[in-house]
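Take a look at the structures listed below.
Both complexes below contain subunit A, partnered by subunit B and then by subunit C.
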Partner chain A sequence: MRTMTPPSPDGATSPADGGGKRSVLAEWQLALPLALAFASIFLAPLLMLVGVSFFNDDKITQPGFGQWAKFLGDPFSYKVIADTMLLGLKTVCATIVIGYPLALIYLDASPRLQKVLIFIIVMPLLLSVVVRTFAWIVVLGREGVVNTLLMQFGIISEPLRLLQTELGLVISLTQIEMPLMLLPLISVMSRLDPNLRDASSALGASRWRTLFKVIVPLSMPGLVAGCLLVFASSTTAFISQTVIGGVRLIYLPLLIWQQSLVVFNWPFAAVVSLTLLVSVLTVVSALSYLGRRSGGYVHG
Partner chain B sequence: MGRRRSLADLSYSLVIGSLATLALLIIVAPVVIVLTTSFTEGRSLKFPPTGFSLQWYEALFDASKSRQIHRAVYNSLEVAAWSTGFGILFGSMASLGLARNRHRLARVADGLFMSPLVLPGLTFGLAALMYFTLIGFRPSLNLIIAGHMIVTVPFIIRTTSASISQLDPALNDSSQSLGASWFYTMRRVTLPLIAPGIFAGAFLAFMASIDNVPVSLFLSTARTDMLPIRMWGMMESTLDPRIAAVSGVLITAAFLLMLVMEWTVGLTRRMRD
Partner chain C sequence: MQEAVKANAARALDVEDLSVRYGTSTAVDGVTLAIEPGEVVALLGPSGCGKTTLLRVIAGFVRQAAGRVRVDGATIDHLPPNQRNIGIVFQNYALFPHMTVAENVAYGLRARGLKGPEVEARVSRFLETVQLGGFRERLPRQLSGGQQQRVALARALAIEPSILLLDEPFAALDRNLRLDMQIEIKRLQRTLGLTTILVTHDQDEAMSVADRIAVMHKGKVEQFDTPVAIYDRPQTLFVNGFIGTTNLMNGRVASLQNGRATVALDAGATIELAAPAGLGIGAPVLMSVRPEQLALSAIPGPDAWKVEPGLALPIGAQLVHEARTTDGTFLKIIEPRRAVSNDAVRVYCTLAADARPTLFPRST
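After this line comes the complex of A and B, so read on.
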């Protein structure tokens, strides 16, 4: 026996005879502190949020379904929900259209170039979302780069309004969320067997055919994971939505913020944020279901 | 046939190449533009900037003019340090406990610990505000630290669990069969091997905490101001050009940190896996 072992409860109770079983038990117990923390400051607040949503008044004294009825009975709510989900889907599409080709280029690049590319891709992730949002104000503003360039080349005479439009917001979110699409994509793609692509081209398939018949189906898990992350992140990107979208484009996060921190109607804010939660989780599970089905199609 | 194929291949290279270039441009250009604009001589954030000066950096580093920003920076650093510290402790313990456990409950717990990554942050932020207020806590940095720990610990669990799954179980068994206690094996064999994974996750968690908006938005007050919320304030009403200088500092810091992390723990490799 080692005598160097410091006396500890584990050391004392796990002699060699029952060591295997005991250590499994001990390992499982290591998760308890975090489980307790999650129960008390994650699950409990979320349960309370559900509870608060079932109160009619903003003093939280009369229980009832009033706030839900108010929110779900208003056609405006559905427009905001739809706008928020569409914003997420548009951002997902834009990140796929330009992100997927970049992942393909990464796949073909030399190891040296790959290092540079992954650095460029990860770096924005370490940059504050607020900084990335601010960058787009400088780029899209009245005196911003886009307007200056377009006016210099005489394509437009008046500055275009790009801020406070949905187009400007989608462009900005495309950059802001791009790493979330690229990382899972690249991670799955670099595990693909390169022989598959060679085989496809040796059998006479064009590179387009190889892309859509071989690479895309096999990279589906990464693509789906990327879509989930981009969707979940862009639909709740409060700062980007309010600063670039302005107050005229109303999405669920802005509504939550107004109701809770400006109007102080907590029950209503709870209703809106639960709606956000449910709508995001619905789309996310639909996406991952589709992803699993397409995965089955490839292997089947 | 051959001709048609080469034409198709040409169109492939053209389309994929230009879209990828556009992607790179969209990723890099705004960062470069902000960095350039922060050195402007003018009073507005025009591009290209008019002349070169350090005026906004001087204004930013001036202790009396930018006291609020400085306080927000200190608060953000303090919260990030504590929440990452607790995250390392609880998160790596949980990973060690669950990463190899195939039991249903263990998978459920793992899913629960990772769920803040997909859960809309604002929903949790609002829930935390209501919960802490209704059970009678006064707003403080401690509450923000608790909230940040919840939303950043998944990063630590993810990289740590990845390191654990790459460990050779034989190492553990041989250490124990040679008579080492579970605790001794943990300290001398397991922990040193998974330390880079924990470290990489801790770095990501720290950065996520510095960057966090949804939790800070609801839990911070004027006294416990956090950097992203202050920066949001600087952009919301009239655009304060000092924000360009703040951005410049943050861009440089992120760049340097990224280099250091790449050299020490191979951060990008871990993020791809």
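After this line comes the complex of A and C, so read on.
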């Protein structure tokens, strides 16, 4: 806390200044327990993970770069990395395509309808991961809701294979991750000045022009935040990936699980984990860089 | 500088029997206004009187339940806002925060399909008009309130609208800037010859900027007249109370002759003044008279009533007296301040020489 007391005439530090210094120190100290907690819960395990990855054998006795060499030397690894990132990007695209119009509908809805909509939007977050994943099995299965309906209407003659395909996985992830796209989008959009739309319209702009020149650029911060959350969450969604995608679709989380809990090769699992972390962080920082460049105009 | 902006032909605007309902409540109730080409009209009233709703109907943002809006005789009710060619300046300016000043002004031109050099020329011309030529590349948040308003004005004018709508344009500005902007808008409006409608709850603003004022109350236009007429000849009790300060005195009609009534005031005097239609003898009435149209006097008479003088406050060149009548009404009286005043003996109140009191029926 700074006080407005002027320095005393002889140039000595006034008591108020000394008090100010002490309180700055106290504030810093107040944050210390939390910092220690974070360090022990997040930072220490991460450092241990890094440490474990530099051992050659699964008993963790011989230090070396063997596991890294094994992982990075295998073309299969790159396919898994690429598949995982692509899965994230496809889910992000699907949530944008469905989520953005939904956000626009939400904004135009009456306050009463908005309450109902927000409940539906948040619903996936309220259900257990296992329950909603199994629900998708019921929906997407050979004799599930989708196939039964499509066959009844005569659109298809053979059941579609949706389970254990990437398409089925993207469909279910889109529903599961939708709240993470919609909530930041709606929160940014509902803070936009409603007069902006009217102003655009009065200046002669069509609805589409207003959408692409005014609403989309101004909702960029929310869109980017949504993309980050959906991307990070869908690339690491182990249960959905495994239960709906099955064991033939291999993504990084599955590889980590196999190596750590099936084969018990912890150093290799550590290498894959760090690869997942770095790949997700790279895409996320690229997205947030783009977001910072386009964002920051809300309440301008 | 003004020659650069060519004056386009001013349009007449007619609002005919217009009503707007929100659910069960009526926001605008049968409003009719005939606005002359090139005229500045202020919609004046307290908040919730329907003035902003009326403006939004003209702009096309709100659909009316009944009635028509015509520009130069042609109805515009079926047109969406983006085809009405009406310029609007919002109370909060609603500048596009992600666009520079120049991009904001160019927005309407680009939406009309204008390209490159033509857009450039018009943007420069209108930014010069509002004296912001050097601010092209600034973002709205880097401008002061007054500058933002001028950008909003340039943006609205650049599309060469047929009508200009201003929604509480001065409300967000501080006092000194407000007067500057009022003068500037009035000057611009004169040069461009634009028919302009201004929404405000500030009577001074309406008085200073508008050619005619429509005083609105509960969705209805109570009076549509020049500022002077509204001040001097308020037609309803609401207008009378809303514009300026006034004194209301109870009385009864003693006699009626040739459209003039003799009123016996409860305070104890008889006054003769123009009677509104529909008054009978003995009818309870309210006499409204402005503070500067009352005078204190030392001489009793039939048209003077006794008062008990209270505080006297010197305000500039004027002296504001407070006085209490025998029937318990407090009056405000404004007189020019004199060097010598014999307030102790001036215990009678009369109408001043040029007083224009107004009579309203009183519900008992």
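Just so it is clear, the second predicted complex is superposed on the first by the 264 of 300 C-alpha atoms of A that agree within 3 Å, B and C clash if a C-alpha of one lies under 4 Å from a C-alpha of the other, contacts with A are read in each partner's own complex, and residues count from 1 in each chain.
Everything below uses one rule, namely that contacts are C-beta pairs under 8 Å (C-beta built on N, C-alpha and C of every residue); 3 or more make two chains touch, one makes a residue touch a chain.
This is a predicted model, so every value here is computed, not measured.
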### Task
Using the superposition on chain A described above, determine whether A:P159 touches subunit B (first), subunit C (second), both, or neither.
neither
### Task
Please work out whether A:G66 is in contact with subunit B alone, subunit C alone, both, or neither, and reply first, second, both or neither.
neither
### Summary
Between subunit B and subunit C, the one with more contact residues on subunit A is chain B
#### Entry: Which superposed partner A:S206 touches (first subunit B, second subunit C, both, neither)
both
### Task
Go through the superposed model and pick first if A:G246 touches only subunit B, second if only subunit C, both, or neither.
neither
### Query
When the two structures are overlaid on chain A, which partner does A:L126 contact: first (subunit B), second (subunit C), both, or neither?
first
### Message
After the superposition on A, what does A:D198 contact: first (subunit B), second (subunit C), both or neither?
### Response
second
### Task
Return the residues of subunit A at which the contacts from subunit B and from subunit C coincide.
204, 206
### Message
Give the list of subunit B residues in touch with subunit A in this complex.
### Response
5, 8-9, 11-13, 15-17, 19-20, 22-24, 26-31, 33-34, 37, 44-48, 89-91, 93-94, 96-98, 100-101, 103, 106, 109, 112-113, 116-124, 126-132, 134, 146-147, 149-150, 153, 176, 179-184, 207, 210-211, 213-214, 217-218, 227-228, 231-232, 235-236, 239, 243-244, 246-247, 250-251, 254-255, 257-258, 262, 267-268, 271-273
### Query
Of all residues in subunit A, which touch subunit C in the complex?
193, 195-196, 198-206, 209, 213-214, 217-218, 297-300
### Task
Would you tell me which residues of subunit A are touching subunit B in their complex?
1-2, 4-6, 8, 10-11, 14, 16, 19, 22-23, 26-35, 37-38, 41-46, 48-49, 52, 60, 97-102, 104-105, 115, 118-124, 126-139, 141, 143-145, 148, 171, 174-175, 178, 183, 186-187, 190, 204, 206-208, 211, 228-229, 232, 235-236, 238-239, 242-243, 253, 256-257, 260-261, 266, 269-270, 273-274, 276-277, 280-281, 284
### Task
Please give the residue numbers of subunit C that touch subunit A in the complex, ascending.
59-61, 80-88, 90, 92, 94-98, 107-108, 111-112, 139-141, 155-156, 159
